[in-house]
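Both complexes below contain subunit A, partnered by subunit B and then by subunit C.
Presenting the complex of A and B:
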């Protein structure tokens, strides 16, 4: 469905996908605390914007649990680092591993949150648009999987209900009876799927499937706006990568925690990174502002 | 210049003994809308599949199929994909991708057409079919009717010259079916695409088409204008006669169509509107003295040879029409029918028959507009008598699927009595199927009282209800079969009640005999026809020794003869004491065979009664015969009622009219 999409989601799928690869990739590869913190805040803000408070309340506890787990896991099992704070069951707990654990936890939090918004923004047809051009066959396969998997689940439910109607319940009776009925449902599913696949293949053949030179159609168009957004994001990503590779931003955790001193240049890079992470939110807010002003002018 | 030509096409499947198609000769002219009809298994699908090489079945073949003056096999697959569009029966199975827009583009992608062109073609078709509002949706969220329209639109994006529709509405409800056929007609009218459609819904399809092809056992027996089909078919013993539109059956039974003017709509009606005009003419020609009626009838009974020749031709029709007169008026009305068909049955009439007919002549005098009503009140009384033995009681039942959702059932009150064949009718989304779910304990209502076989489905745990004698048959019987032979499946179903293997075997045999599938016991359940599957499923249900049987749309996708067989079986079962509650869209079926009908709308029962009082009381949601006779023949529910009424009027006027028609 494409109702009520925010401004960022209406960009061409390749740009949206590129953005997600950028933010997730940089967060995973460069464990710099500032980079991670900015990424985390950006992701959280965008999820808030997309799903609202009620949405956040629903999924944030899970993300937080993962983060706490990562933060605790690392110092307990990773004993590298010079600064030993204390011993736990004869194992040293080091400052470095705690800091590394915190960074990892931020990273996991940021990545999870980006995926939450990714799930909402990159619908299956957008995913297909990105990969369909590269591998048309794959794009069709993927689309068919998306069509048939949910159908199989629905059909399994129908079969279970039908079986119950003549006195075979998958959900009651002895353990053995339930297992038998469960496997019956599976067996019926299989036959049903194979039987109906004949129809599907007829329908595909009738519409010329298998002729050479198949193209992959996508409903999305690459507009001026997408080019502008793509170029901007690409430029920003280049800046961040070059800066990190050149050592403008550097973070070492082992053997001793070490960040390079703040410089104007490093703050500039962080600012660029912040802009990249905030792009979805900024685009959304800007468009809302436009709407408000339009309404005022009415 | 013919677009398609079948030339002496004969086909049989490998190892098949009989010919599925034998010597079929037919031509489709460009721009025609042709209807292909015939009993299930007569070779319609096989014939249609010969119009596309990719779908043509393997087997031995004689004769040729030509497309656009060339052998079809010489037309390239790309050209066939583009120029010949094919829509199959099952809406769900044909859809390949997960999004509506992607499905629309599928065929064009296959042909390797570039983006911009695809975009334009897809846009054109989406606009033509009004797909715009659901263009971006997931296919899974569409209704059955929308899915089938999508299949049609997806084929039309290829801009075919020939559109083949193989029972496209079999899985749809009546309204969606009508919309689909209207869309097909629109394509034919506005784009000029040649359409060849096989259909069971002749009431809707007949007025739309230019020509009708009738098949019987692989042969093409009729190739005629729709107005002539009735007359031509009546000469044969084809079971399709019973499936003809009401107006055609009426005109056949009343002995018109003596061949004078085939294009005359009033003499050869095919639609409800034309049927009404025809009926009006018949009625205005008759005067209304009731005494005269009895005299005329008596006259025919004593000297049957006076019956006009036109009737002889048609006499067999009424018996094949299998429109049993409902309820208790059957005796009188059937006797009257015999009078009318005197020309045919006279030879076999013994002394007692003549006495019967004379008696009927008297009975006829009481069948006036109010007479039919009198009969209905009598059946209501018998219904009330059964009050004590209700099998299902629902009082003010409310149900919704989830807490924040809308109510699906909004105060359902209903009772089903012992030994009854009750039928819930109503449009889509009225909550019919949900009601079955609630009654069988699959859904738990949040308000109201329920009692099924003395148990409360809300509290009954697991299989308690089913042990008490409840059986439910799903819409799709395929969801029941899991073994390699029907016999094995039946054996499994019997295992619960028949522990001894010998007992079980004989129980399976008995059940198979009851439903009439003994010859199919060793077949794979997926290899038999739809009607046979339904019977096998019914046998499975019977082996659980049910007292109450719930059926969900058992007639879906069935043609008339198959339906009749099912109905006879169900009536036999109720006569043996089984109680049946059926949910159906099929108004005609319910009107003839159910003992009581309930109309569901907006989550509750809004009307109920015996089929006669129920359908006579409705004006739109009713049988075609009732609509045809509305305001003209009061209280008529099926063709037999209409025929009886017309015959009950002084026949001399009608007879002379027919005689004139014959002479003209």
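Presenting the complex of A and C:
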């Protein structure tokens, strides 16, 4: 078990990734106001839970600005729709395009917020676990890049310090001198990195890279609860997709805004969708509750 | 050709028209963003499959990872200057000296990995494809020519020109089109014009950065890569 992870993040990466693709995919493809509102609230609540109030305060203004932009962008540039409200520089502003703009802004907000939580939950090791078997060479390259980055920054500092020692300071002198010294550091860095690459690959060959029967290492195991979560989420997704294809939930914006009448069935589908979106939060809160009650019982 | 490569080509050649036809027939909402996303992803698959299917040598993998890491580090090191990044220049040099396939892979991976630093979003696939295409075309144009010389020969001005134009047109157009697809409900020319026009200053800075970094780094990097290729017999077409 990893430290500082919420309960949802400890699920098997394929389930986490599947959940992410589901919530983002459905939000992007089906612009139903209720689906989007639920997705947005679910994403916002989960980001709140992951990052706390201070984290929300830091990133939410940016998301909000993009949402406002999307809400304004559509009515100004999209003149489809029957209900003309007014004219702006000879262009009709329609009610439908305003509503569409609001939906689009909810969509963008939801997707961006899901990406915020995804950037925290789906770390690169989990990405490797999902794709390592499908695309082994690319995954290996990817993980190497991640390893090289911090190493290169450290090495670049060493090189720059050594160069400063012989009077080639990157941070002082004229612009031209600094650019020249910077290029020198880069050149040394590059030679070192490429030599290092050859050494690394020789070491890989010596350890049997590319021989048949070798597998990628991950320390994630697919447990019973991952199966349960995966099947539940998959079932929920199936319900939502079938409902949308069958027309239980329908939203048309053009030429005239039209939602189909609410039925018990459509509310049921929204509830299923809500459960999908809230799963990460519910799992986290449940775990905390269990933990607290266990401590109380001690 | 390996089976996986053929499969991805079939997927791309059948899938892309099929998605377009479906979107026209069923007209689901948001089809512009969704359709363009599917097209971008399907278009990238054959490149990735070709790289996987070739079962690249350990040395090639590590060198590709090295160049990608340098391009990503460049994007991260210049974080305080928006759009002024050496990444495109490094991707272009890679394509020119190691060939179009490596150019695409380094470009796409640069877009992908650097977004672990800068944040993933709906724009990630477009950035991957745009960087990948920059590297791929650099390979198409320059790699055969550079193979005859050791180093840049007389092609440096041409490379700088390609870098500036390519960054401005290919990268700028693709990423700005992505913005249109993300923001607008449908692709209207008036909306696209606004996005493209407001993107011009950013793309100009980016193109200038590519030209400057190519002028500074191209000779150096191509010579080192040419030596590496010759010495270890790598990336032979």
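We adopt the following convention: the second predicted complex is superposed on the first by the 255 of 298 C-alpha atoms of A that agree within 3 Å, B and C clash if a C-alpha of one lies under 4 Å from a C-alpha of the other, contacts with A are read in each partner's own complex, and residues count from 1 in each chain.
As a convention for this text, a residue touches a chain if its C-beta (ideal position, glycine included) is under 8 Å from a C-beta of that chain, and two chains touch if they have at least 3 such contacts.
Note that the structure is predicted; figures quoted are calculated from it, not measured.
*Asks:* A:53 in the overlay: touching subunit B, subunit C, both, or neither? Say first, second, both or neither.
*Replies:* Neither partner.
*Asks:* Just checking: does A:209 make contact with subunit B only, subunit C only, both, or neither of them? Give me first, second, both or neither.
*Replies:* Both: A:209 reaches subunit B and subunit C.
*Asks:* For A:125, decide between first (touching subunit B), second (touching subunit C), both and neither.
*Replies:* first
*Asks:* First (subunit B), second (subunit C), both or neither: which does A:188 touch?
*Replies:* First partner only, subunit B.
*Asks:* Could you say whether A:200 touches subunit B, subunit C, both of them, or neither, answering first, second, both or neither?
*Replies:* both
*Asks:* With both complexes superposed on chain A, which partner does A:161 reach: first (subunit B), second (subunit C), both or neither?
*Replies:* First partner only.
*Asks:* After superposition on the shared chain, which partner residues are touched by A:219: those of subunit B (first), subunit C (second), both, or neither?
*Replies:* first
*Asks:* Tell me the contact category for A:89 with respect to subunit B and subunit C: first, second, both or neither.
*Replies:* neither
*Asks:* Between subunit B (first) and subunit C (second), which does A:173 come into contact with in this model arrangement: first, second, both, or neither?
*Replies:* first
*Asks:* Which parts of subunit A are in contact with subunit B and also with subunit C?
*Replies:* On subunit A, the overlap between the subunit B and subunit C contacts is residues 124, 136, 140, 144, 146, 187, 191, 196, 200, 204-205, 209-210.
*Asks:* Touching subunit A in the complex: which residues of subunit C?
*Replies:* Within the complex, subunit C touches subunit A at residues 28-30, 33-34, 37, 48, 51-52, 55-59, 61-66, 68-70, 72-73, 76, 105, 109, 112-113, 116, 119-122, 182-186, 188, 190-191, 194, 216-217, 220-221, 224-225, 228, 232.
*Asks:* Could you pull out which subunit B residues touch subunit A in their complex?
*Replies:* Of all residues in subunit B, those touching subunit A are 52, 54-55, 77-78, 81-82, 85-86, 88, 90, 92-99, 101-102, 105-115, 118-119, 122, 136-140, 151, 154-155, 158, 437, 440, 442, 461-463, 466-467, 471-474, 476, 478-482, 493, 496, 526, 540-541, 544, 550.
*Asks:* Quick one: which bits of subunit A touch subunit B in the complex? Just the residue numbers, please.
*Replies:* Listed in rising order, the residues of subunit A that touch subunit B are 1-2, 124-125, 128, 136, 140, 143-144, 146-147, 150-151, 154-155, 158-159, 161-167, 169, 171-173, 184, 187-188, 191-192, 195-196, 199-200, 202-219.
*Asks:* Looking at the complex, which residues from subunit A come into contact with subunit C?
*Replies:* Touch list, subunit A to subunit C: 28-31, 69-70, 73-74, 77-78, 80, 97, 100-101, 104, 107-108, 111-112, 115, 118-119, 124, 135-138, 140-142, 144-146, 148-149, 152-153, 156, 179, 183, 186-187, 189-191, 193-194, 196-198, 200-201, 204-205, 209-210, 251, 253.
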